[in-house]
Structures are given as structure tokens and as C-alpha cells.
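Submitted below is the structure of interest, expressed as C-alpha cells.
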Amino acid sequence: MKAIVVKPGTKGFELKDYDLREKLGDHQVMIKTLYNGICGTDRGIVSSKLSFSRPQDGFSELILGHEAIGMVKEVGDNVVSFRKGDYVVPIVRRGCGECLNCKVGRSDFCETGKFVEAGIRGKNGFMREEFVDDEAYLVKVPEAIKDIGVLTEPLSNVVKAIDELFQVQRRMIWNCEDGAYSCRNAFVIGTGPIGIFFSLMLKTFGFNVYLLNRRDPSPKEEYISRKINATFINTSKGLSDLPKVDVIADTSGFPSAFIPLLNKMNKNSALILFGTQSGDKTQIDADLITFFVENNIALFGSVNANKLDFKEAINYLTMWKEKYGDALSSMITTRVKPEEASKILLEKPSGEIKSVIEW
Amino acid sequence: MKAIVVKPGTKGFELKDYDLREKLGDHQVMIKTLYNGICGTDRGIVSSKLSFSRPQDGFSELILGHEAIGMVKEVGDNVVSFRKGDYVVPIVRRGCGECLNCKVGRSDFCETGKFVEAGIRGKNGFMREEFVDDEAYLVKVPEAIKDIGVLTEPLSNVVKAIDELFQVQRRMIWNCEDGAYSCRNAFVIGTGPIGIFFSLMLKTFGFNVYLLNRRDPSPKEEYISRKINATFINTSKGLSDLPKVDVIADTSGFPSAFIPLLNKMNKNSALILFGTQSGDKTQIDADLITFFVENNIALFGSVNANKLDFKEAINYLTMWKEKYGDALSSMITTRVKPEEASKILLEKPSGEIKSVIEW
Amino acid sequence: MKAIVVKPGTKGFELKDYDLREKLGDHQVMIKTLYNGICGTDRGIVSSKLSFSRPQDGFSELILGHEAIGMVKEVGDNVVSFRKGDYVVPIVRRGCGECLNCKVGRSDFCETGKFVEAGIRGKNGFMREEFVDDEAYLVKVPEAIKDIGVLTEPLSNVVKAIDELFQVQRRMIWNCEDGAYSCRNAFVIGTGPIGIFFSLMLKTFGFNVYLLNRRDPSPKEEYISRKINATFINTSKGLSDLPKVDVIADTSGFPSAFIPLLNKMNKNSALILFGTQSGDKTQIDADLITFFVENNIALFGSVNANKLDFKEAINYLTMWKEKYGDALSSMITTRVKPEEASKILLEKPSGEIKSVIEW
Amino acid sequence: MKAIVVKPGTKGFELKDYDLREKLGDHQVMIKTLYNGICGTDRGIVSSKLSFSRPQDGFSELILGHEAIGMVKEVGDNVVSFRKGDYVVPIVRRGCGECLNCKVGRSDFCETGKFVEAGIRGKNGFMREEFVDDEAYLVKVPEAIKDIGVLTEPLSNVVKAIDELFQVQRRMIWNCEDGAYSCRNAFVIGTGPIGIFFSLMLKTFGFNVYLLNRRDPSPKEEYISRKINATFINTSKGLSDLPKVDVIADTSGFPSAFIPLLNKMNKNSALILFGTQSGDKTQIDADLITFFVENNIALFGSVNANKLDFKEAINYLTMWKEKYGDALSSMITTRVKPEEASKILLEKPSGEIKSVIEW
């Protein structure tokens, strides 16, 4: 079996034959990989910048890959939910089994930190011809979206964050007079796949969405913004055109990107932190804290997703495909064969929204 | 009628005869003031540092005072909930009547900012011999706590913040294995009345509470900490003894006070911003943002309280008096007559927790 | 303009020219009707069995019709959300403007009962060539589902009920070990459009769904059940094959239909009452009450839907169309022209799931 | 050690020397019993009417008693929350350890039914001179309420039910215009200790409370109703004086008691089922179901309580004692020595609200 393998702590990766001799357990499913998506985490591991990456216990290397879609090749004797030929997406994080959140299926809120994440830390990932996984960690994908199902994993994290947003905002009445959200504005900072997913989610709930970047949109970004009726703003040209805002989703991780926007925040508004970076610094002062207090403003960091979020992500992809046509598939800007993986793992292709490996 | 009157925008205050010729409406109650509490906001208005203070429409001066307890002298013809002799506390903020939150009795989340606040902005306050108020803005106080009922208003704001904390933390399972909170640690930054109330509330829910200040405790603080079984920590001696923490309540408003503590925060923890200040600055970097993201950490500012919070505050005061004896009444460190108000309005008495005016 | 008109309190209906001389206000939209759906309420009004039906103020007759989809013909000067050519569904209930729920856009929970409902009570309905409505009471439908958008209104009521189910069940941990609902069984009593929508919703959340009727399935019912992977059960053949159940949705309104199933209810389960009927009687005893108490069982009646439910209904229809292909459109079993409306308003066509009028 | 012992399945009880030779584990506490409360469940076991009662594994007899307060005699080496001399109340139900609710400390929602309950099923109870229990199953009681702390257990169940009420009613805006509940009416059916606790809880939240029984109040009931400002209604004199109602709490278990009141229920109202009985029958018809549907009415059975409910019960008892003086202690109408237990276990003393055994 071919697999894309890294040595955490060392730069680079290798596409090589790598036989794990996995046996199919009674509650397990064997899956032929169709596509892997690439994100900053994959490149961070390959460039050896992410210190938390580590091989699975008993291994010295790690198979990369946490975004995937595959087709069921074979099912174990006691598998009830899947059949040969089904399209499936695997869940990334596997809980610690110790804390209460993991015990009730919410490993995205694992408290011990003893979870593993396929392709990232402590568990081999999905960048390989095929893999065996427990039925419990798979979600089914309708055939109708097999072309974009590889987007499920990144979207699932956004689904969780938006779900958390509405939970947090139950602090007060946050809807508009008509019970919906058309009176609410949202800024999404960053226009990568996560930024586009935040925009799609917030549009779906009826928010007026502003996609912010420090440059003009690429043609693809322009196309997608128009399709989903969001407004792309080049913030390098000034912030004065921006309206007051009710929710900001930062996908950049740079405090210098979102701090200057905070004075646009309405009373009762919320800031979602999603992006992770390093190296950027900025100053805050007591007036900002007072502003948060006086205006009942909330902020939360959100990471990972649970199984229900994966299922909802698939529902959204299905709905959006029917509604927006090729807006979703146009997010996949580069498709390469495993042999060409260096083109997308070692560098970021120009105009990339999402690059995938096609097996 | 004697009243303590300020001219917002001008330093100082005056105790003078001030007849508002208030008539008692059908749904109104006339109240003889017993005590007023003094807080930083009062001193900020008197020292002309709070720019948002303004007189009631049609007035050039403002009667100060938003913390009060009084006794009903007379009730209007259609008043149903109060009788002569009842002890009452008035609510401070009166909603805008326009936004959805104000329409459903949640003016603490007013969105328009068009609310008024008695003794602060746009409405005469309670530092006067007597006042007339609408039945709807009064809450009854059991006679048993008439001595500490003046603490209701400051506590109500803490009740709201704690209520919001539990709302925000419904993001995940946050309780301990036994369904309660004894496995959770809380830091309360600042040991004034608000800090003590946060400590009392969090103790009541079973948290292990650490009261933090940059100095050793005063004898009163030591007494109260011991009574309520909280640990007083002098943070100027270092932070290394502090455990990991699940909730931080900042009552200081200084980012330099709480930012150094954030690395103690557990996964899924929350930071409550309650204090307001100016002039303090500190630097944050992208690693802090990443820390918030990777650990699902939430933060929210909280201000004001609604009527239900006032009622719950009274319940807590009643319960704590029975449970802790004089711990609550010992929070009232200074009592002065209106004629001596300058002793507590122009300066902060040494060892003050809460100063009150006795009418 | 042709319209289908009734005289509440009198049997029958009339298709006739009926000019309301509606003018297009600044915030209004003129809509060309495409389809009307027919439900039991329409037939109840036509047969004069629903005593609550009444004309709009100032009218002696009522235009029938509360399920509709149309296309925008013209928009008022200040309309922002709609353009000519858009597909739209109108909302049925218009709130009282007095109670808190109506004030915050939740007229489905109107407390005063002073709401009006288009085509039912106090407001002319949509069975007419065209109608004018306020922008605020319209929701947009993607062109992709213009063929099934007429199902939005009935589905919206189910969306509300399911939303309420999850709200009520936040009493405890109700999800399965994996965070989803595949360990949960659901019975849906009645296999009309509402029964099918409950099944689709509960399947979408991962429940094992059993569609119950007192007869064998029609070919259409069999087709749809198979497509959505639900199990059709003919309860006249006995209940012994039925498993224990976690949620029952009754769409029949007959206590004699659901009372015998209650002993299948698991601890912590819930019963949704949705169907309305008359004439059926059954006996309950104290043991049933004890059973509800000992097992923490909840039950709730649910009626109507708010704007957000309409929007979600459209999302679900869009997603299901992409996922299930013609399962949804096959629910529309009869299409007639307005001139033939008696075929579906005076009687129920054989094998009907949903009958519609095509304008 | 003296203990009150039953043989489940056999009538009667015995006060006898019964040495369990319990050893004090590291995380355990030895408690000297002060009082046991008696409720219908105790009498049901003694009269052999409750078929679910059973001894602890390995025993042929069961020590009775699930309502208790005691004083700590000795603590195990690793006990952190209790000291000698502390007053404590033990929790009754011990979870199955298997289902998700038990895993997160919510054994009151145990799904497997494999829990045990001290003094009722599968675990020896507290009607004995002393007992050893795990620290995790004890809650501390302030000395100030040692006289009424024995009421904690019955109140805890009401606390849970009221908590569930507010959870269920988050379906809509249920508060009044001022954010509180003074516009809401509540009926409490039955005037035993549970009925009085429901009244106290609902009064505490500001409801107008009507205590309903089929007879005139006893002097004690009259005294307590007056103290807590609730209205006692003798329903045998007719129901026409009763207003419309927003919540009904039935503590009787007789459907014939609450069914006739249902037509008083307002839109969006809720019915709490708490009482358990047998033998009573009544008829319901489809119109009642329609009434529930059209008015969004909810109903739920509630049983048992978790640790947090016990803690809150203690808070309420403490608050009410300070506020209402002897209203609570006057609920304890009979105090007997263990030797006289037959006076309260075999019969119900005249005028009883709560009978207790004093050790």
C-alpha cells in the first residue's frame, strides 16, 4: 500500500510502500481512499513547525492526512451502518475515554488532552491507498456529493464553532424582530476554505456577511462571494466603509488583523477565534476591556468537531450543492496525484483555496 | 427633601434641599431611603471622570445614588405587590423600550444604549431622603436582611455574570463526575465587594475559590475569606503556587492583572471580565490566541443586571446571612450620615470594603 | 383575479373573480402564485367543520390557502431582500404584536391568541392568481427546489416540533456514546405528509425510524420509506415486533392510536403531539401517570412555526432533494388546475400524500 | 447498632440490633444519624405494597430510610470535604456507572434502571444509629439549619422538577414583561410536604401560587400558606374561582385530580407530574390532545434528584429559614424515638405534614 509518510520532528515527507497489515475487526470497515484534502496543519507537519505532531504508539513514522473521503471496500461481520460501495468520511480526533466530554461523545471538548488525531498526533492518518477504521468513527456521505465530500472535515470544525456561537448568544435575545438574523452583520477575517465556510454558514442563517482580506479577491474568491451573496472587502484600503458588526469570525490567527476591527462590534456581539498562528504581537489596553464589559461582548476559541458536526457538515454540503451549484466544487482549486504531492505539501499553489490529492 | 446632587461634568457634589415635587402615580410607591451604598461609579461621577454621566431630561443637576434600600411610606391606588412598611430595593437601569431585550425585561442587554440609569445617566438617583418609583422597578427585601439589603445592587450584577457563565459553559459538559463543581478552581482578581461576591457565588456552586490581590489581606478580608473558606493569595509574591484554573473573574479591569494568569487556564475554561479601568496597557501575541483556540476557552464581558438577578441577589443574601452570620454585614466597613458624605464620596476610607450613607 | 373563496360557517367554496385592489406598499412584494398545497385544515374549512375559521376584518368571505409557493412579480420601493423572478413562500401566522413571543418573532408561541393566519382565520389566504405581502413575511426559495417548495409550510411545523424536542430533551444527556443518535428509536404515527416529514427529520438526526399506520403501505409510501431507510409497520398486525422507543411523534390526533404504544417508551423518552382530531376517547389510569413520573417522560403539543423554521424547512428540502432525488417530489401525488379544485378540496384523492393546485 | 429493618415482600418492620461491621474506607465518612424523615415510600415498603423494594446484594433484609441528616463522627484518611462535627445529608440514588447520565453525575436520569437507592432498593438505608458512606454521596448542611436539614431529600426532588420546568419552558419566552414571573399563576395539587415545597419554590420565583386540596386546610397548612403568601383552595367547593394557570404541579398521582383542571391551562403552559399512585382511572378524549397541540402545552414526569439539587435544596432551606422563620420547622409535625417508629411507619398521624424519627 502506498502512503504519504512523515517523521515528526524532521522536515519533508515520503510517498512509499507502507504495509500496516491492518486486519478488519468485526466492527470495522476497510476503505479505499478517494481524496485527501491539504491544510496548513499538513504543511506545518511536513515543514516540521508543529511541535505537537507525533507518530502512533509503536511507530517511528506517521502516515499524514486528516481530511479524507473514501469508498467502503469491505465491512466487518458486525458492522450495521455501512455497506460496500458507501462513501464515507473518517473522524479525526479519538477521545481519551477518561474525561466526561469524551465519555459522552464530545471529544472535541476533551479535557485531558490525551486524545489522538489521525494524521496529526498519535494515530496514522488517511493519506494512503486504503485504511481500516472503526464503524463508530465514520460518517456516510451521499453519493450526490462524492466530489466535494472531502470538504467535510474542515467544514465540521466551522459547524461546531457556529453551534457554539448560538449557544453562547443564548445569553440574551439575539435574533431580529422577525425571529431570523437578517438584521445582523458578520465579518469573516481570512478568505481561505475556513473563511468561505464561515461565510456560507452565516449566510445560511441569514447574516449579512463581509469577507475580509488584506488584498483584492482572486477570481475564484470573487466568483464564490457573488454566488453566495457575500461582500468581499479589501481591508488594506481602509475600514471606514465597514458597518457595525454582530459577529466576527477570525480565521487568520493574527491579533493585529482582528483587534483593529473590535471597535465596530455592537453591544451583545461575539468574536470567534478560529485561526492559529505565531509571531504576531499587538497591544491591548484597559479601554478595550472596558468596551467588552460595558457592551456584554463575548469571545471564544473553538477547535475540532464531534461526530454530529461531521454529519451536519455533510447535510450543509448537500444543501449548498443543490442551491449554489458549482460554488463548492470550485473551492477545490488543485488536484494532484500522490506522486505529485510535493506540489501541494511543500508549497501553496497560487490561487489555492483547497488542494487535494486524488488516489 | 435633602438630596446629594451633582452637576455631571463638574467636580464635587452638594447636599441640599431639593424638592422634585414628585406625585405618587397609581402604580407607584413612595419610599423612605434607609441606606445608600457607594461604589467607584459614584466617586467617578463626583470626580467628573465618568464622561457618560448626565442629568435627567429637563434637569441641569443629577441626584446621585444607584445602590439603595428603603422602606415603603405610601403606595399608589393600583399597587399590588407592596405595602407600607415593606423593605425594597430599586432597580438601576430602565430599558429603552425599543430593542427586543428591553421588551422582554432584559434591559441589562439593551442594544440601543438608550437606557437610563438612576443616579448615573439620565435619571435621578436614590441619595435623598425619599423617592417615588414605579412598582415594576422595585423588589421586596425580607425584613431579616434589612441591614445588608443595600448590598443587593452590586451583588445583582455578579448574579447576572455567574448566570451567564453557566450559560456560556453549556457549550460542553462542565460539571464534575458527581454532577457538582468541587473539581473546579476559580480565581477572583480583586478583593473589593464585587470580588467577595464572585467568591461567595462560586463557593455556593462548590468551586475552590482563590481570591487574588497584589497585597496581603486586610483583617476584614482575612476574616471573610476564612468564613467562606476561600484562599486569599498575594500575587505580588509570585504565581507559582496557583493551581490550574477553570474560571477567572476579573474585577480589576487591568489587563496586566489577568493576562499573566491566562496560562493557568484549563481546557474549556472561561474568563469573566467585570472590572472597568483606563490607562493600563499590555501586549498580547498570536500564541495567546492560539492558546484560546486550541483549548476552547471563552471570555465575556458582563455589565448590569435584570430584575430576576435582583431577586436572586436577595435570596443569596438571605441564605448567606443564615449560613455565614456576620460575614456579610462585616463587608459594610463605613457608615456615615449624609452630612458626612464627603468622607466616602471624595475619598476611599482605609480598609473599605463597602461604605454606606445612613439616612 | 381568480381566487378560491369560502364563507366560514358555510359549506363549500367558490372559484371566482375577486379583486382585492391591493396596492403595493414600499416594503411589499407582489407574488404570482405557482402552487397551493391542500391539507386537512383546508378541507375542514370547506366542510365547515373548523369553527375557528373567520374572514379578514372588513370582509364577509375568506380567500382560502395557507400552503403556497409563488414567484415575485414586482417589489415595493424599499424592498431589499427580493427581486423580480425570485421564488418565495409566505408565512401563515401573523403575530398579535402584544405578547412577548410575538414581539421577538416567535408568533408560533403567541400567548394572546390574537394572531391571524392567512387562509384560515382573519386574513385572506394564497389560493389566488397573485397576492401582495410584506417582505417580512416571505422567505426565499432556491430555484433548484421550485418544484417542491410548496411543501415548505407543512415541513416548517415539523421543524419547529423537532427543534422543541431537542430543547425539551436538554433535560439530560440524550445523545448516544458517539455524540449522535443512532442508538435511538423513533415511532412516527401516521404516514401522511407530516408523518413523512417527521421521519425525514428524525432520520436526518440519525434515529432509527418506524413509520406506523393501521394498514399496509401504499406503493408510494413503500417507495419513500425505502428511499429514506425507514421501516413501515402495519400496527393492525400487532405491536409485539416493535422495539423500545425514545421518541414518539403522533400525527394522528387519536389517543387510542398512541396510548397503547406508551409502554414501549424508554426512560427519558418524549412524546410529540402534533395531530388534532375529535371524537376519539380512551381511558388512562394512575399507573400511566406513575410510569411517566418514574421514567422522566416528557410530552408536548406543538403547533405552527416561525420564520426561522420556514428557512430551515427550505434548507432541508434542498438537502433532501440532492440526497434522496425524487422521494420528495413523489410526495406530491395529485396536481389539479384551480378549476378542478373540488377534486381535492371536497374529497381526498385515493393514495394521496399531498395534493396541490397548479395556477 | 440499632436499625429499622424490613424484609421486602413481607409486611412490617423491626427495630433491632444489626451490626453491618462497616469499615471506614479512605474516602469514606462515618455518620451518627440525627433524624430520619418518613414518606409514602417508607410506608409502602413496610406495608409491602411497593414491589420494587429489595435488599442489598448479599443481604436478606433491608435497612429502611432514605431521608436523613446526621453528624460526622469520623472521616477516612483521604476525605477532603468533611470534618468531625459537620452536619451532612446523604444522597439516595447511586448510579449504574454504565449509562451516559450516570457517568456525568446525573443518576436521576439513569437510563438502564440498574441504579440502587438507599433504604429503597438494593442498598441499606439510613434508619440506624450510624452509617458509613462515600464522601462523594454526602452534602454538607450549615449548622444553622440542622433542625430542618432532614427536609433536604424531599425538597431536592422538587428542585430538580422546577429546574426541569425552566429547561422545558425555554421553548419560548416565558417570563413576564419585567423579566420575572409575577404575571404567572401556578396550581399545586396536594398539600403534603412535596406540595408545600413546590409552592415555596414557585413563590421564590415570583409565581402566584394556589395550593389545591379536596378539603379545607388544617391549621398548620393555613399557617404555612399565610406565611408564604400562597392561596389555599378547597377544590371540593368548585373550580370556578380558579384563574387561568401557567404551571400545574401534581403531587397527588390521581389523574382524576388534575385532568379537570387542564382546561384552565394557558397557552405555552406546563404540567409537572410528580405524584405516583395506583387504582385511579379517568377518560381522556381527542379534544384534550387537540388542546395540548393548539396551545403548545408540555407535560413531564420527574423523579429523583442529583447532587447539585441536594446542594440547592440546602441553599433554599437556609434562605427560607431566614426569611420565613418557623414556617419550615412547623412542617415537622411529629417527632418520635426509634422505639415508637410504628406510630409513624404503620399509620399516618393526624395532621401530618412530615413525621421524623429522632435518634
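Note that the chains are named A, B, C and D in the order they appear, and that numbering of residues resets to 1 at the start of each chain.
Quick note on the criterion: contacts are C-beta pairs under 8 Å (C-beta built on N, C-alpha and C of every residue); 3 or more make two chains touch, one makes a residue touch a chain.
In this text, all values refer to a predicted model and were calculated from it rather than measured experimentally.
Among the remaining chains, those touching chain A and also chain C are B, D. Averaging C-alpha coordinates per chain and comparing to chain A, the farthest chain turns out to be D.
Chain pairs B-D and B-C differ in how many C-beta pairs they share in contact, with the greater number at B-D.
A straight line joining the Cα centres of chain A and chain B is 41 Å long.
Distance between chain B and chain D, defined via averaged C-alpha coordinates, is recorded as 35 Å.
Our note on geometry: chain B versus chain C, Cα centroid distance of 48 Å, whole angstroms. With touch defined as above, residues shared between interfaces to two or more other chains in chain A number as follows: 100, 103-104, 106, 173, 175-177. Those residues of chain D lying in contact with chain A across their complex are 100, 103-104, 173. For chain C in complex with chain A, the residues that touch the partner chain are 81, 103-106, 136, 142, 144-145, 173, 175-180, 182, 204, 206, 306-308, 311, 315-316, 318-319, 321-323. The touching residues of chain A, when paired with chain B in their complex, are 100-101, 104, 106, 108-111, 113, 164, 167-168, 170-173, 175-177, 250, 253-255, 266-268, 273-303.
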